[in-house]
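Labels run A, B and C following the written order; every chain starts at residue 1.
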């Protein structure tokens, strides 16, 4: 019996190894951010169904890992496109160049709103960005008004701002490795922090260190990146607030409510118009050298740049992507057509 | 002849070789097998080995290198106008076009006649190679069979040779573990060294604070980043300990009940059912821990006046304990079951009750196996990520209080590796350092465990 | 034992035994009850988990379909009348579905309302229609009736996951849409049907079009590799270490090594796979072959440790007897010891494979956490596996993926049950008590 098993193993191994030698690829490979993954896959699927090309393969690796794979070189074993929830860094582009990836096309696809929400059973909050900073930063100005920084003493929202409810501060949010957290820190915390004049007047380094460091005493809970879980945790814990992407708020409108930030609700129109302050851009990067070699890249990019895809009424809006203004769309559609090489 | 078909043919020839070899051995001694040095089966195996292994080797390597060779030949045959000045990477893309053309896939560009020709060349070379392969492999198999059949003689010490082959196979297998270890160390070492260039080793080893709040983007000046690994290891220890508090008693008592008290039917049914616990995806456990157990603990804790955070080591540990019950129960049950009945009978004949027999005789005899199962369970607890992320969070607190949020080494490794930050930053590289460190720590613990087990092991029979 | 008091006080041991007997029996009963309790506890956890999975997931096996009258306009599908597949493939079927919806609800005229109306049926409905037309080109020019999947929001409404009584802005689905759905129900144009798509399709971002077939195939190919390699290598290693080598520092080293490998977090095996199989050997990313190799390395320690424990527990007398009647060492091991140790080895294999079947972390590094719409046809096609599919769906915002996640878990468990069933049968055949 052992003998047969062995033989079978050998047979299967050989069968398995065989096509590996012919390293051809007739589908697009995409890697990168888990934030862009839900949008990228919708486009890929539409593209796969509507054309004769194969549906692209999309890995969810995180922006950093995606960039690393993308910049590893030119050739079929390297991905064609990487999704990113942040802009590419200079050092990353340099590493691309040093590995022979000279032609990188940058495409911005739209915006993702970041909501601060709590359970429907709880009070609907209306926060300012300064409140957010005072509630979540590690060091805040001493409550007595003197211009010194102390470890954040605020226990309840009322401590932060007397008009807010007397609820314990408990915010579930992404870990420091997340692009969502990064955007939240910059757009909500730092903006709120700079409303305090004497902090704004500090030198760059100290100011950023103050504005960007989250408290670590348990009031800010580093939950994982599973936004569905955060929604469900909020449901079972009405005292907590959660930070997550707009699409999850949109899908769970019966369970959670998005807090107003600076008086603006996290709603589609408000984010699209830019009135809601906490939203960030999503990008993808295309390897120019692969266009024309891996089948379907040009057509896939064309699918992205259709109005029916990323336009005001395109199917991506159903999934929660906030479209760019028409002018910006034209700009990036042109970048796609001309395969404009990115310079930083 | 396609590759699977050829592989099948070789396999069939090998089996055929076995039968012929066996029959021949009967024939050479006119069915009086006592005249044979080696039993007929060995003659069968001997022929099978000669028939199958050389052919398989050639087959394997041919198939492995065929693609590269043919591609090189095709590339060499390309006209200068195509190849001119292309770097290796670009060449790779042109080759992709040719291969896609050759296998009839959709191609990106309008097919260039030059590439079309190259593709035809490729197909032609490939079919030639295939024919050559089939001829070579099949003739090797048949030749091997023919030659080895001559060795079927009464006095030929075939058994020793077959056993030699078996031994080589066994030794080969046992080195895989060593190679895997070397591979793991090598695959984390270089990045870990780069990490230690940015963060001093002493800070990593003895730092009491873990807070990788470093800048993700370039224009940001980094806020604090502290890379002290102690809180992570403490968290790992705490959660694993809680998990073992659940898994060991429940698992061991289940094993004892199933092995010693339950009827055969109950045992046959319950044991595989418990094993299902190990196979339920960890996402399910994670949701269970985060949405059922954690709120339950929090609400009851606040009733008792305890301050319980929403994410607690206790919730994660308890649920993880459930998940690893089968590691303890099934493995212990097997070894308990294998303790000779005579030992139980002896003990009971002396007047001991069942439970006394179990405690004094069966468990000591089965101890090495039980410890092995528990070690496996601990290993699984250390390696688990999903439950911890979902129920205990990611905040690295240095605490022994099971009601607070803690995090584990593995969780941090995963989060850092899939993060959005730049891959070559210390933040990501920390994952490799943690991997290496965890590897060393578990190695030390295992060395200790080996010595402890050896000291307390009871030899029976 | 008990007559340490000296010769002046003769002790009747029977007395002592009788005195303590009741207590010992009570202990015995307590011990037994504890065992039973542990078993019941384990089973209770299992049934709790299974119940939560099944109660959430069983609805995913049905899917809401809408009956539509679609006019197959020859001018749109096949203007030249050539029945050319390529022309027919590229026609605008979505538009025809939309036209049909407008015909069913002629009062809808406003742009915004129309958008809401179109959202009643799946965005993939057009592709269903295309399949139908490509298979029956005769129907072009006629009006046909076709069942197409409803949108996931409508599906959730029909299954009662949305509360109609809540205020409109708290729902994904608007009052107007509910009224339309109710009208379709009155006309018998909407019904729940068995969800074959779930079993036959690959991944999709539209819950109503998503299926697990691609992931099942991926898991199958991956686990075949894992099982073959991990079982043969694991058993061989255990046999070699237990039966053939003398106990010395070298075997100690290997033993510690193996125990240590079991404690290596699974994602580190992913790093190993990335470095060795993909970067060094140049195997492609995201393929079952590499996934299987990585998982095999990951499960190897479990199988080796369980197998060694099983081999250790075979009584030495068996070996002595076999050697005594003239068997060679190899014969002794393979003919006598191995069959006795097989149940334990199979247990290790079951647990190891259960772990491999449910593992997603190491696959992340080798690119198998991916969106794969087409089922893989072999060991080197890009594919994903069931636990990854479950993880990805659990992370999707759409509400309808909740039940599909649970349903996928049920499929995974079915996979596990059948794998275990086989091993349990084998284990039963080999099991014996000494």
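In this text, a residue touches a chain if its C-beta (ideal position, glycine included) is under 8 Å from a C-beta of that chain, and two chains touch if they have at least 3 such contacts.
Note that the structure is predicted; figures quoted are calculated from it, not measured.
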(Q) What's the contact topology between the chains, one of line, ring, star, complete, other? (A) complete
**Q.** Of A-C and A-B, whichever chain pair has more C-beta contact pairs
**A.** A-B
Q | Geometric centre distance via CA averages, chain C-chain B, whole Å | A | 18
Q: Could you grab the centroid distance between chain A and chain C? Build each centroid from C-alpha atoms only and quote it in angstrom.
A: 28
Q.
Report the inter-centroid distance (CA atoms only) between chain A and chain B in whole Å.
A. 33
Q: Could you list which residues of chain A touch at least two other chains?
A: 8, 15, 17-18, 20, 23, 34, 52, 54, 61, 77, 226
Q. Where in chain C do residues touch two or more other chains at once?
A. 232, 364, 394
Q: Name the residues of chain B that each touch 2 or more other chains.
A: 287, 417-418
Q: Please name which positions on chain C make contact with chain A in the complex.
A: 89, 115, 119, 123-124, 127, 162-163, 166, 169-172, 203-206, 224-225, 228-229, 231-232, 282-286, 289, 334, 364, 367, 369-374, 378-380, 382, 392, 394-399, 402
Q | Residues of chain B that touch chain C when the two form their complex | A | 159, 163, 166-167, 169-174, 176-178, 180-181, 183-184, 186-188, 249-254, 256-258, 260-262, 268, 270-285, 287-288, 322, 325-327, 329-331, 333-335, 337-342, 351, 353-356, 358, 366, 368-369, 372-373, 375-376, 378-380, 382-383, 385-386, 409-410, 413-414, 417-418, 432, 435, 438-439, 442-443, 445-447, 449-450, 461
(Q) For the complex, give me every residue of chain B touching chain A. (A) 3-4, 7-8, 10-11, 14-15, 18, 45, 48, 52, 56, 59-60, 63-68, 71, 87, 89-90, 92-97, 99-100, 102-103, 105-109, 211-218, 220-224, 286-287, 290-291, 295, 298, 309-311, 389-390, 393-395, 397, 404-405, 407, 415-425, 427-428
Q) How about chain A: which of its residues touch chain B in the complex? A) 3-4, 7-8, 10-11, 13-15, 17-18, 20-26, 33-35, 52-54, 61-65, 67-68, 73-77, 84-87, 89-92, 95, 100, 170, 172, 175-179, 182, 186, 204-205, 208-209, 212-214, 216, 218, 221-224, 226, 229, 232-233, 236-237, 240, 289-298
Q.
Please output the residues of chain A touching chain C within their complex, sorted ascending.
A. 2, 5-6, 8-9, 12, 15-20, 23, 27, 29, 31, 34, 37-38, 40-42, 44-45, 48-49, 52, 54-61, 77, 120, 225-228, 245, 247-248, 250-254, 313, 315, 318-320
